[in-house]
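There's a structure below that I have some questions on.
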Amino acid sequence: MVTRGLIIGRFQPPHRGHIEICKKIMSEVDELVVGIGSAQESHTLENPFTAGERILMLTRSLADEGIDLSKVHLIPIPDVNNNAIWVTHVVSLSPPFHIVYSGNPLVRRLFKETGFETKKPPMIKRKEYWGTEIRDRMIKGKNWQELIPKAVVGVMQEIKGIDRMKDLSKTDYLLR
Amino acid sequence: MVTRGLIIGRFQPPHRGHIEICKKIMSEVDELVVGIGSAQESHTLENPFTAGERILMLTRSLADEGIDLSKVHLIPIPDVNNNAIWVTHVVSLSPPFHIVYSGNPLVRRLFKETGFETKKPPMIKRKEYWGTEIRDRMIKGKNWQELIPKAVVGVMQEIKGIDRMKDLSKTDYLLR
Amino acid sequence: MVTRGLIIGRFQPPHRGHIEICKKIMSEVDELVVGIGSAQESHTLENPFTAGERILMLTRSLADEGIDLSKVHLIPIPDVNNNAIWVTHVVSLSPPFHIVYSGNPLVRRLFKETGFETKKPPMIKRKEYWGTEIRDRMIKGKNWQELIPKAVVGVMQEIKGIDRMKDLSKTDYLLR
Amino acid sequence: MVTRGLIIGRFQPPHRGHIEICKKIMSEVDELVVGIGSAQESHTLENPFTAGERILMLTRSLADEGIDLSKVHLIPIPDVNNNAIWVTHVVSLSPPFHIVYSGNPLVRRLFKETGFETKKPPMIKRKEYWGTEIRDRMIKGKNWQELIPKAVVGVMQEIKGIDRMKDLSKTDYLLR
Amino acid sequence: MVTRGLIIGRFQPPHRGHIEICKKIMSEVDELVVGIGSAQESHTLENPFTAGERILMLTRSLADEGIDLSKVHLIPIPDVNNNAIWVTHVVSLSPPFHIVYSGNPLVRRLFKETGFETKKPPMIKRKEYWGTEIRDRMIKGKNWQELIPKAVVGVMQEIKGIDRMKDLSKTDYLLR
Amino acid sequence: MVTRGLIIGRFQPPHRGHIEICKKIMSEVDELVVGIGSAQESHTLENPFTAGERILMLTRSLADEGIDLSKVHLIPIPDVNNNAIWVTHVVSLSPPFHIVYSGNPLVRRLFKETGFETKKPPMIKRKEYWGTEIRDRMIKGKNWQELIPKAVVGVMQEIKGIDRMKDLSKTDYLLR
């Protein structure tokens, strides 16, 4: 039987650390499920990119690393406003998985209580592999390119991502 | 005819002050309606416990005090994202009530405008009877037990509530 | 430890069959959880009464039967638009329960798959103990009173329930 | 003080009967509030037109009749999934109104219970002034133009409304 | 053909700057669409007034300025929890518009990407024409009247707006 | 540049006709986006399977046909209660696509109006390739296996799909 590992993140945007983790997990399981959290969010400072854009960024980055995409499932996960049902919500949207990788103690607790095996994901060396840092560099025009895969840099250009982030930084929210 | 008093709180968790207030209100009315607010919330620092857990905590605490539970209605109240319809929402979920007890001037105003009699709930002596203080003590391992009814301490042990709170304190939100 | 049985219905309105079932279940468990389904619905032909009105009807009917209300939990359950998470949703709103009583094969399957013991509720003799039949009699002015507890008849008068049902029957939906 | 009358409909599409009613109501009150119900619905057989399109249809039709538009408020009313709070929802979206005109007994009941004066709207002579009839004629290519104001015929052309309706009639719902 | 300009704001409350902008836009287009954002919000410090109250404030203020209300459409826009679909949401609720006026770079970007012409609204001289400043003055009892149209002052009195704001300032949120 | 074609269905369950269409589309474009509609639905007669189960069924069926899965994107699409924003909703969840294949005239119209190229999907020969027929056979124990890919038969066994469908057929809805 196929063993699948789940990793969940917001991937705003995917960075080199994410790709490293995915590769290490894939050396431990047969298939990988990548849950793309807060899928309904976009065009905010915390969540600048749509789920579709993040799927494109991940697909290209994983392909560039020679990862067999027939063994990877990218699943957008919209938020639910009730943490107590979040695990069930993820389960209903995803192909069956068996091991949950998360650095977040609460996530591990919630899945463990539901009967899943959980693991801390393998360590990533650089502390810059962190979404907040990368989004901050994007707004300030610092060197963000070194922290994310080349494929993501490419998508950023296609979607004019830096322009969007700069516009987002000039306003706290949509003047609705 | 039966006169019912309404008190609404989040009860995260119920503390000794809540129980005192309930007892005093029950000396003024025939029956008590306890609205458990933000019922859909759980597993966050502000709202660690599910509605079901809070109902269990309240039921046992009130029973321990010898309160006649056939005269108490515990009603979970999910939030609505529109304050203008909140009073009507509460009314639709609850058995008929006549007096609203609240320390919150806005709550009293909203119910008064809809035609309800409103009262400030009786004063509670100790300032530690305050959810934020109690949740903070739980995370820091300080003496939280003295502030909440014995029955709540018992439920906390059953549901491993302190472990959950500590996990919650290590992460701002679910890494979705 | 306390054993709790769960029974879920819409109780539109509660009838004598419901009360009989509740009594029989209470002879098998320590405490009873009554889930009031489609709690957010009211003022439709299928769901004429609010959750609050149904709670009142149930409380009075159970009290009239001499049932110890400190051993009964009435829990309004709003619908979720996703059956896959419905069991978890019920669990999060309710005090812990252990046996689920349902005449509905799907409900039993869903709870069984989540690890609950499930049972068919004890049989009720009369086929008129059926919400659709009762609501139909109410609209047509036939003898509905014999099918529901006296306490429910009383609440119906207080809330002018028959007038509401007749208005509902003249219109398929709110002319919004 | 200004007296405002409220009339609520879905206006899918507005027809000559609607305009007649509006004119008669405006002879009884100072200002008219037109609630456009099910505002979030569009592109279905029952609700083919967006709220924005219906506002345009109504604005032009009322202007053509010489009605003073500074005395008319067109308010889109999205549905709420809870009839018990529907009246409050309408109140929160609308400028203050005092008399509710509705042919629907339930609507009149709900508003009356909340303290509003309610009236049956003045009778309209022709039975074809009925949304279902008009939408049916549109799909079948029968003479629908005679039932709706000229201005609505114009908007129908601009938005290619008949083409949309015919496409809708070939499919029960969006193949999502 | 009619050219319509769109301006979107929360209008909590409408101030003299808003009215000035509306007048200037109306000198550039045939008709004005005023989108009232966060329409579902009320009774919070950031959004004290209901959509209906804001419509009333705007209608009276614009009428006082002699603006032809048959050329103005006031459209309540409830929030959507997904910025990526916000433009489409606005389009579906509004009569057709062609030029979008916004001081917010993100709003202009979103509409521009969807094919709309966008413009910065004309400058307003005084920096006090700013909702946060006005709401702050209302709570502190400073001179807020000078910043808003006379008609808005009148509505504030009718709805006891200052009392509401003061109650709101004593509590961070509804004690739900 | 990569050209992507979009096909949307509910895939309850995927059948041989779906797979044939996917293969034909893939001979016309570089990559295929498969939108899995009504993603939030499951455990009903119309929508028996969760999004995760449908993803598993599709992944295995496409792999069995030797399709290169690195060129296929399976995207769960939850419903939105507003058809006017449905196209934008799909766009936000999906990697960029350029041609929309649909047998539904309304779907083609909606995408065409938004600027997409649309095509009727290639014809499928057998009229049994139709979800309603297949689900009906499943309930009645007729030969459903011949209509769906072997891989789907396998998943049906793993998830005890036929038992679930039979339970669903004995009850119109969850006795909530």
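Note that the chains are named A, B, C, D, E and F in the order they appear, and that numbering of residues resets to 1 at the start of each chain.
By definition in this document, contacts are C-beta pairs under 8 Å (C-beta built on N, C-alpha and C of every residue); 3 or more make two chains touch, one makes a residue touch a chain.
Every value quoted in this text rests on a predicted model; they were computed, and no experiment measured them.
In terms of residue-numbered contacts, D-E and A-F present the same interface, as over half of their contact pairs agree; the other options in C-F, A-F or D-F do not. Annotation: 46 Å between the Cα-based centres of subunit A and subunit D. Inter-chain spacing, taken between the CA centroids of subunit A and subunit B, is 37 Å. The geometric centre of subunit B is 25 Å away from that of subunit C, both derived from CA atoms.
Annotation for subunit A: residues 42, 50, 82, 84, 91-92 touch two or more other chains. An unclassified topology is adopted by the chain contact network, corresponding to no line, ring, star or complete arrangement. Chain pairs that touch one another: A-B, A-C, A-E, A-F, B-C, B-D, B-E, C-D, C-F, D-E, D-F, E-F.
For subunit E in complex with subunit B, the touching residues are 40-44, 50, 163-164, 167-168, 170-171, 174-176.
Those residues of subunit B that touch subunit E in the complex are listed here as 8-10, 35, 37-38, 77, 79, 81-84, 86, 102-107, 109-110. Per the touch definition, subunit D reaches subunit B in the complex via residues 80, 82, 84-85, 87-89, 91-92. Interface of subunit A with subunit F (complex): residues 39, 42, 50-53, 55-56, 59, 63, 68-70, 73-76, 78, 91-96.
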